[in-house]
Structures are given as structure tokens and as C-alpha cells.
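As written, the chains take the letters A, B, C and D, and residue 1 is the first residue of each chain.
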Amino acid sequence: MNRQGRPTDFVSGEADAGSKTISSHRGLDHEEPLIFELGREGQTGVDLPEAAPFKDRLGALARKTAPGLPGLSEPEAVRHYVRLSQRNASIDASFYPLGSCTMKHNPRLNEKLARLPGFADIHPLQPQKTVQGAFAVMAELSRWLKELTGMPAVTLVPKAGAQGELCGLLAIRAALAARGETRTKVLVPQSAHGTNPATAAAAGFTVEEVKATTDGRVDLAMLRPHLGSDVAAVMLTNPNTCGLFERDIVAIADAVHDAGAYFYCDGANFNAIVGKVKPGALGIDAMHINLHKTFSTPHGGGGPGAGPVVFSERLAAFAPLPLIVHDKQGFRFIEDEDEARAKGAQPFGRMCAFHGQMGMFVRALSYMLSHGVDGLRQVAEDAVLSANYVLASLKDVMSAPYPGPCMHEALFDDEFLKGTGVSTLDFAKALIDDGFHPPTVYFPLVVHGAMLIEPTETESKRTLDEFVRVARALVSEAKAGNTARFKRAPVLAPRRRLDETLAARKPVLRWKREPPKKSPP
Amino acid sequence: MNENLPELKRTVLHALHVGLGAKMVPFAGYEMPVQYPTGILKEHRHARESAGLFDVSHMGQAVLKPAGGDPARALETITPADIAGLSEGQMRYALLLNDKGGVSDDFMAARLPHGKGALYLVVNAATKESDFAAIADETKERATLEPQPDRALLALQGPRAEAVLARHAQGVAELGFMRLGHFIVAGARATVSRSGYTGEDGFEISLDAKDAERVARALLAEPEVLPIGLGARDSLRLEAGLPLYGHDLDESTSPIAAGLGWTIGKRRKLARDFLSADILMAELLEGTGRKRVGLTLLDKTPAREGAEIVDTTGRPVGHVTSGGFSPTLNAPIAMGYVDTELAADGTELGVVVREVQRRAVVTPMPFVPHRYKRSAE
Amino acid sequence: MRYLPLTADDRKAMLEAIGAPSAAALFSDVPHGARAARFDLPPHAGEIEVERALSRLAAANVSAGSGPFFCGAGAYRHHVPASVDHLIQRSEFLTSYTPYQPEIAQGTLQALFEFQSQVAGLTGMEVANASMYDGSTATAEAVLMAHRLTGKRRTVLSGNLHPHYAETVKTIAGLASDIVVAPPQVGREEDLAALIDGETSCVVVQNPDVFGFVRDLAPAARAAHAKGALLIAVVTEAVSFGLVESPGAMGADIVAAEGQSLGNGLSFGGPYVGLFAAREEFIRQMPGRIAGETVDADGRRGFVLTLLAREQHIRREKATSNICTNSGLCALAFSIHLSLLGDAGLRRLASLNHARAVQLVERLSGITGVELATPVFFNEFTLKLPKPAVQVNDALADLGVVAGVRALRLFPREPSLGCHLIVAATELNTDADVEAYGRALEQVLA
Amino acid sequence: MAETRYTKSHEWIHAENGIATIGITQYAVDQLGDIVFVELPKAGKKLAEGGEAAVVESVKAASEVYAPLSGEALEGNAELAGNPALVNADPEGKGWFFRMKLSDEGALKTLMSKDQYTEFVKGL
């Protein structure tokens, strides 16, 4: 029986009287129709010249029915999207302590530089002599990543963290094959993010879960029994999803290697130790780095990300295509497997078209150069300091499953809500009314009713104090039995709780034109 | 107004030239040897058959050092050559352009070995002040230009040059064409490049002025080596089909018409990021209507610069930009610009010398094949 | 440090509140051996220095806008209206994350719902997801989805599928597939029926194909369906949806496409946005994020991420895919551009592209020795040259023309393609560009 | 003779002369919350004891439904496709998942009785 997952609590209730207006807009918060309900046929917001007369070369394959895109003028389209944007929480506008997502400030300098024509307007297949500057960015970013992680090799190719994980495991699979071994199992701790087991399965391995200790970590005693000759790799997140540093990591790495397996580290939380710890010194064989977490590339409402992977010597040769080489003629790609093998590499293949997320490389490098190594170290210290400050300021009224100090995020369970009738979800929704984005809830799964708070280095003490004050007040509200305000929450958001059950039972995944009403004869 | 001639400058080897009995003439503001007692013809043939030593210290040498940026990128703001693409020890012929699509000078640029990106430049004597001023100004954001007035420049040219220089400078024989390196030449620290302007294999040796005479004498002491003056230098470069700035190239000539489109780097052509790019890229595709050609005159009268070139009907079609007698071919040759449709090899033309139209034929350049030591690649 | 709000006093006060003697004490769990002291990296720098450093590297590249430019083969240079970039840089789009709290993420959710509707319309399919990383990874996910739907694993790839896409499928779906790749056939509708058997799960066909050739997918669809296999249609040039018959109308079951052409720049290959559409009955096997319509507690229409149970954070090793996020901001740019265009604008944009390509073909195929290898095309076509494309391309570059992508760069093991050049023309190419290409090619082949 | 038995993975099985009806228990439904989708075995599918027979999805979770005993699937509950909420409404009645032909009815004995199952759930 699978008990895992995020509950929803949908109670259809009285419309909040205060929200009733003639237009149903509420001050600056506008109700906005779908673009399809706004558009008119024939209208367009882009003035393009009429094509000079020409002889069509499509013949029978010309499109017969239009896609059905609404037509709008530019001001209409702009207003539509501005109004939509106003219905989003954002890190620019408010505290966004979404645990394990690392919602830190996104410097606009990064955006400006990524838009330079020399980066934004270069084609992935144009003559390589004409993109030496792009190669130089990739080389410099690689240098930073290798130096910061203390690892000898890196590939920039993966399009996101999840693809980085896949990249790491496919390299491990290739390395095992090169050793003439077939190992089928990947060990993943219970507390791991769901992507880890999903990736292991995608890479053709079977997944075996490893239980966590009572203090939220993995220890050798618990791992050892799993370490057989059929184990290909262990996937460990460090700092882990409970916001804790895996103390035994070096011993674990040794045991993993003794068992002939590889050690994959999920680098999602690298931001907690960047500039302070070189994962290379922890015995790691591969680790992906989410540039959008540690290195401030924007989350963009859910991507695009970028997930470069650093490798140990044991795995370096198995990095995916394309490879980058530098010789007298300057930089160039090796895109063909035979050429790569001739050069002694054993790439496991190609993960995507072209060469990775250039736009993200520029942004991340801009952030690195801005902070420098001293700044990055301070980033880690401030992130950890802020998380511990939140933990220390709340643990007397909320319940923390594990004693501090924590790393970059503070984890609470719902013990403190026992008997109040208020759930973690209710508590999160109440925070919305007070102007905060809720923390990550019901993750990690190993903690009941988890609330994972990650302030990052971006927040001022003032903001943290305000959040603490609100959280403490909400706790006493809950304890005072004022459950109604929680159950109704949020009431001040553009929408109140949404019916996820309806959405899943009767999926409506796209707009459809209303069927024309039959006119009576 | 000032009646007296401007004070002529002298190179550090002036005494040596005089001592060798050279005939000294004014050239580009310098007192330079036009020929030695040997005579221009013999000097010319000697350079082709053995080795000749030229004093080219009057030319402008300088080093462009990084200052907050890459000097190569900085230099590219005033030349269309691919300077950034120069690897350490690599040398390249480059042009300075004006905004009318004309040439304001030509020069040599090389990336110094172990120079932290610094560039070594050699510009023409007559234009060195203006060139240096322009380069310094254009590059000041990222680099500093350090002219080297107290350095001399010797050219050792000819088929025996390698053997001769190898006796005085270990390792020079391995130097490839248009490459440069630091060597000890006859005990003096020098920067030597395998280059020249005669069409022969040879070297150019940049060294401290105080060492120049000693090194020059050491080389002249070699049996294969004779000193060569400006006279032979000009006939040698003419036979080699090499343009001379101020004569075959000037502010009004298009580098495309001059056949120097190759000096514009491929990357630069795509980026169109140099002065007059639009004009020159269009000329590359559409042509300029004019073309620099070589001419062989069919009777013995040499044609001089400025002589009118006419077609067989006597219609003027261009002018000679340099001309003279070719000792190697034992015939008068010239180069000049003509309408493209008359530029094909073998085209019959005329050159007007002293009011008389003389028969000439378009001849592929170089008139005398180059004998550079290109390293295998 | 301009990005760090905490002052020395703040830090001191916070440490006291925590009861820790120093920041170092908070890292006490880190083994001493692992605490790094020395990094061979520079210290922090101001905006001026950073901008100078990166601008210098940018200047070392030749941007596609510098001159006549005709590269395509999976990435296309198109006009992006100014308001697109302005809108996607709004804080609330740029600096928000996956809508885990729908009440305060309606902007992103509604935009995704609109995006899905647009993609479904373009591809002629019933449903679409909220985007994938790019076209190539979307293709690999489509193959895996077909396996889940058919319970079979044999995969037939058209020889005219972009080789990077084929290699990506081999890498990501290879473990779960037996892959058959047909040989490339320039300008022809290869007959795939012979390769499809009862064990075949899916057939992957690109249209317009990697050579720019536009083909009828119906025969491939019939051949696949006859054997209980699915047809996966791949499109790398999204602008073609404006003029070329939709994959859905030609019988595709799943469509995987690259959306870069609309709203997104070239950016040296990424980030791009994968489009993923399918027939409605397949939704529960669809990978990636999906936004759905619902109501809130007050009965007002709202949007949520739905069908979450397919996803890794719930199903873990049984998930339909390991993908967490989509390509949100690129999808938004795509969607805004389409909203600005509308049916009328998209059709006109597509016509401009086709017209430019036709004009270029007419200019170039007149040159002696130059053959058009793809008789039917949209805005990209392949030329067969009388000399090796590597020489011609190089010589053309020397005349300032970036003439296209050598087929041999994409197919290094197909020497027979040595003289083929893949050429794309878009609305951004001018008459002058076309003439420059013509004159340059005449010169080079003269 | 008819009898109903239960499994540790929270399926119930009601068997009557060789033909069994299978569904998930009230406890399972409480754990899953609102059921949104059910995937059922096709008729004729061979089912092995403890093997995956069906999938049930709620908003928050997804879970496999295992065949309590070996046999062959006869039919799935067609109503669930249009109305998965039936499972929440009446899990051990109208909300049944599928019918199967048991290869060994005797094996029923190996499963838990109502009382045993109630005890088992208390222990969770």
C-alpha cells in the first residue's frame, strides 16, 4: 500500500463576502479570461510584411485547417500576461522559503549578459571558429565547477538536474560495462527525492530503499547489509533532504567502493556547502549541480534548468557527447563517437540535441564571477546561518524531528499540530494570507506532515524575524483552537483552495470552443 | 617657408654602411644605402642565389602589451586581420584600413612567445609616427603600445640564409615560415622571424641597437653574405609581386582590387566588425572593376611609377604603380591597376613611356616564384 | 557583497540567538578532512568588471545577425517581438517556481493551460503537456510512452530524423528499446512499412525532415497502425505548423517537437522548449507536467497541476519519467509569441519563410552544378553541390556568407552525403542576403 | 460455498465456486483519499499470486493492486472507468475492481479472515 504523497483538502465553502464586487475584479487583482476567450479572428499583434508573390512548393501538404489561435493586438496581449503575472508569488516580491528548491535572488545582470547577441544570437551548428567565445564561457564555467567541487572532470550537457542524475547513472552503467560487469541494483535512501529512484529506474536499474536513522541520516550499519556484488551505485543527497549533512559520508564512500560500486551524490543542496566543502574529498564519483539552485539562474515558473555533472577519475572517460577539446586551432567539439574513442574517451552517448543550456551557463558564470570564491563561501554560510536562525526561533513552539544544527534548511513535522485539527497543509495555506509563500510541505516523506523551510542567503534578518513572528502567531492561533481561519485559508489569494480531485477525475487539459448551441427550429 | 631640407635620421648601422662604401640616399626621412660598390644588379642576383643582409632598422618596431584586456582584440578594432587567432610565435601580414575602403598602411603582427598575449608589430618607416599614434589611441582601453626606437632590424634573405644564420643562432633552422621566436644571434638576444620581402626564404632579426653592428659584421663575415641596398630590395620585392605601400597601395586603393582580400580574417568577414566592412564585403562579391596585375614589357624600356597603361586601341585603362628591370628575367616588369576585364593573364596591353606606347602583356605574379620554407601542414 | 543582505552585526546577533559560537560551529557535521580552504579562483567582482569580462567573450563570437546567415538543422533564427522578452522578464514569471501552491500561482498555471491548448491546436492533437526540455528529449520520452502504451519495445527511426534526435533516443530510451534506424534518403519518402513488424511499438518520423523535405505522414501512419504500432511525428521547425499540414491531420499518435523557433533565440543550442502532444486516450501515460482546469472553494475557475500520480515525486521508480520541471519560461515565451501572432500572424510568418526559401532555391538552383535535392520543402532545403560541401562552405564563409549546415557534420558515417548542404531561410533573411549567397556561390563554383 | 478473505496489501477477495471478485479495502481507500483513476486487467490476462494486477490512483498517491491468488482475469469493473469515485463510495461493493478464475480455490485458506485482517490493520 502506497501511503506516500501530498494530501489535498478541498472544502467547497461560502464565497468570502469581502471578495464580492460587480466586476469580480478585486482592486489590483484582476480576473483574467483565457487568451482564447479574448481573441478575435484576423487580429494580430505582430506587423509582418506580406510575402512577395511566389510559387508554393508544398503542393498537397499545405495546411488545410487553421490551428485556432486567437488574434489579439499587442496591448491586449501585453495586458493579458501582465495580469496573469500579477497572480503569481515570486522571490522578487516575497519570502519564498520552498525547501530543497533554493529560491534565491536572481541578479538581473545575469539576464542582461545572457542576452548579448554574442551569446543569445549564435547558432549551435555555425562554424566553430566563429564561436570561440562561447567555448571560452563553457571552459571557464567548467573550471569553476571542477575547482569548487574538487572533481577532475565535468560535462555541461544535461538540461536539468534530473537529466544530470540520468547522466551520472548512465556513465556508471557504461563504466561497469567497460569492467565487464553487470550490476543491477541502485541503493537509494528513503528520504531521497523521488527523482532519484525514478532516474535509477530510467537508467535500467532496480531500486532498493535504505532506511534512515532516527537522526535523519544514513549510516554505515544500515547501508552495509545492502552492499552486495549486485549493487551498481548508491545515490545519496548531501546535505540530505532533511537539511542535514551526512556525517558518515566518507566511510560510506569507502564501503561503496570496497563493494565495487560507484557513489552518486545528488548535488541539489550544494548551495549549503559551496566554497566550504569540496565533494571530491568525500569520495564521490559523480554529482550533478543544479545551476538554478546554487548558481541563481532563474526558476522561471518551472524551468529551464541546467544540470552539469562532475566526475571522478573513475568515471571521467564515460562523459556524454559532445566533448570539447582545445588545440592549436582553438576550441572545437568532438561530436562523433568514433572520434571520441580514438581520443581514448568512452562516451555513453548523446543526451540531447546540440551542447546544453548555453543561456544558463552565461547566467551561472556571471553569478560566480560576481561572488567570487569569497562570496560563494559567504553564500553557504549565510544560507546555513539563516536556516539555523529559523530553526532556533521556532523549535520551542513547532516540532523539529531532528536536533540542530541543520544545514541550509530547517525541517519541522506536524507533531505540534496534533489535536488542533489543523494540518500541515492548512498551516501552509494560512501563511499565504500573511504574505508568505509556504515552505515545501509533505516532503521529505520520511517525516510526518513535513514542513521544509529554506530561507537561502537572500533574506535579510528583518524578513526572517517577520516570518518567525507570523509563524509563532499562527501556532498559537492553532493551539487556541481557531481552526476555521486555517481551513478557509487562503482567503486573500487570487484563488482559494482548488479542487484537485475534480481536475484529476475529469481532466480538462486544454481550451475547447463551446459547441454552437442548437437554435430551435 | 623653410628652405632647408629636413634633418635626415640615421640608423645605428649608418657608419657600417658608409664604411662599406655604400651610396647613401634619403628614404622615408632616413639616410639609407641604395647600393654598395657591388652594384644593384649583382646585389640582386646575390640575394637570389646566396644570401644578402639588409638594414631595415628604419622601419617602426613596437610591442603592444596587455593592459586590462587582450591586445589582439584591441588591435582588431583597426585591422581586418584575424589577430586574436594568432598563436604564440605566429606572424601575419595585415592592413590598416580607412573608412573609404582604402588602405592606410600595411604591417606585420606577431604574438610573442611567453609574452602573456603581447604582440610584436613592424610598420612602414614613412608612416610609423601616424601608425603608432593611431594604434595607441584605438587600443588604449585594453593595451599599451611601446614603440622600440632603440631596436635595430636586420633582414638576412636568400637560399643560404638558413645555413648562415644557423651558425650564429642555434635552432633557427627549425623556425617555420611566418613564425617567430627568441634566439641568441652571435651572442646577442634577438627576436627572429622567418619572413622577409624578397620572395626568398629568409629571416628578420630584431635586436638591441647596441648589438646591431657587431651582429651585422658577424653575418657579413660569412662567405655567402653580401650587404644589399634599397635598390636591389625594390627589384627583389617587385619580382616577388609584393606591393609596396605608398606605391602599389594607398588611401584610395581597395585591398580587394590589390588582391589582398586574403588578409581579412575569415571570422572578421563573417562578423563584418572592421572599418569599411560593408564596402569591402560587397567588393568581395561584386568585384571592384579594378585589379592589380603584373606586366612584362616586350621591349627593353622599363616603365616607371605613374606611366599610363592603355589597351591595344590606346584607350587609357590604368597606371603603373611600380616598375623596373628584372635582373632574374632580364626584362622590364611592372605592376599596376587595370580594368578587371583586361586583367586576365596574357592580355595584350600598352604602357606609355616617354610619349611612346610600348607593348606589354599581363603576367601572373609573382614574376619569380617564391621560395619560402613553409613548414609541412 | 551586493547580493548578500546580512550585515556583520546581523550575523553576530543570529549566532547568539542560535547559541553557536561561530558560523564554523554550524558546519560541525562536516568531516575535517573535507573542509576546503584553498580554491584557485578569483575573489568577488563588481557589475562593471563582470560585464566587461563576459562582454569580451561575447565579442569573440560571430552573431548570426552579422551577415547573410542560413543555418538551420534543428535551430532557426526568427524575429522575436520585443514584448515577448519584456513579459517573460516580469519578476512574477521569471522568479517563481513550479506551481506547488496553486492559489498563488494562477498566472503560471493559466499560462501553461493556454500553452497546452496552443500546442494541441498547432500539432492537430487532442492534448499536450506543459513542455519538455527540448525536441530531442521530447522524442525520447515519446518513444518510452509508446512502449508503455503498446507493451512492445521495437522502435523504428526514420533515416531522415535529425541524427542528434536519433542519438538522444538511443541514449535515453535505448535500454528499454530495440532500435532500428533506416538509412538516410535525401528528398524521398522512405518506405518504412518493410521495417515495421508485430513487435514494433512505434515509428518515429520527422516532418519537415532533417533535410527540409516535407512528406506525407499518412502512409507511415497506416503502416504503423496496421501492425499495432504508434506513429510519433517529430517537428524541429515550429513555424512550419503555420503552413504545413499538421501531424495530427496526417495520422500521428504522438507529436514531439522543438518550440525554439517561436519566442526563443538561438542561444547556441539551449535553453529550448520541447512540445509534446498526444491523443486524449493516452494522457495517463504522458510524461511531464500537465496543467488542468478545475474550480476553487468559491466555485471560480482555476488551474492546477494534475495527473500528478504519474510523476516521480509520487510514483518514484514507477513514474512515467524522471523529469521534474518543464521548460517553463521558454514555454511562456513560445506562448506569448503565438498569442501576439494569432492564426493570421502565424500564417503570414510561415508564408514569409516559405517565400524566402523558394526565392533562394530559385536563385541557387540556377547555378551550374547545383541541384535541389528536396523538391518539396518549407523554409529549409538541401543542395547537392558539385564539390565537397566542406570546401564550398569554407569558401562561402570566406566571402562572408554562412551558407548552411553540412550534412556530413550531422551524418559523419555517410560519405555519400559529402556534397550535401542543408540550407534554411527565414523571414529575417533579406533580398540582399539571397543575392549575396547567389553571387558567392557562383564565384566559388566558377 | 462463498467466502471473503483479505491480504496484507489491503485487497479483499470474494470467491464463489472458483470465480473470485477482487477489490481494495476501506482501510486502503482511507489511505489513498479520493480515487481518480483505476487501471484494470484485460480479460484473459494470467495473474500470479502477489503479482501486479491493477493500478489505483488518487490525487495524492498511486498504488498497485496485487492478485491475491493465481488465476486468469475474466473482466474488469467497466463502471470504474467513468466513475472512479465508486471506489470511495462503496469499496467492498460497487467499487470492486476485477473478476478472475482461480487456479486453486483451496489457496484461499492461506489469506486472512475478516477478523484477522481487522487485527492486522489495528496493528498498523
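Definition applied: contacts are C-beta pairs under 8 Å (C-beta built on N, C-alpha and C of every residue); 3 or more make two chains touch, one makes a residue touch a chain.
These numbers were taken from a predicted model, which means no experiment stands behind them.
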| item | value |
| --- | --- |
| Co-neighbours of subunit D and subunit C - touch as defined | A |
| Result of counting contacting C-beta pairs for A-B and A-C, higher pair | A-C |
| Maximum centroid distance from subunit D, chain identifier (CA atoms) | B |
| Subunit A and subunit C: spacing of chain centres that average the CA atoms, whole Å | 20 |
| Computed distance of Cα centres, subunit B from subunit A, in Å | 61 |
| Subunit A and subunit D: spacing of chain centres that average the CA atoms, whole Å | 37 |
| Length of the line joining the C-alpha centres of subunit B and subunit D, rounded to whole Å | 93 |
| For subunit A, residues contacting two or more additional chains | 4-6, 127, 130, 500, 504 |
| Residue numbers of subunit C (touch at least two other chains) | 56, 59-60, 62-63, 308-309, 314-315, 318, 397, 402 |
| Of all residues in subunit D, the ones touching two or more other chains | 36-37, 57-62, 64 |
| Chain-to-chain touches, reported pairwise for every pair that qualifies | A-B, A-C, A-D, B-C, C-D |
| Touching residues (chain side subunit B, partner subunit C) in the complex | 69-70, 73, 84, 266-267, 269-273, 281, 284-286 |
| Interface residues, subunit A side, partner subunit B - complex | 127, 129-130, 328, 330 |
| Contacting residues of subunit C [partner subunit B, same complex] | 56, 59-60, 62-63, 66-67, 397-400, 402, 436, 439-440, 443 |
| Interfacial residue positions of subunit D with respect to subunit C in the complex | 36-37, 39, 57-62, 64 |
| Residues of subunit B touching subunit A in the complex | 85, 87, 266-267, 270-271 |
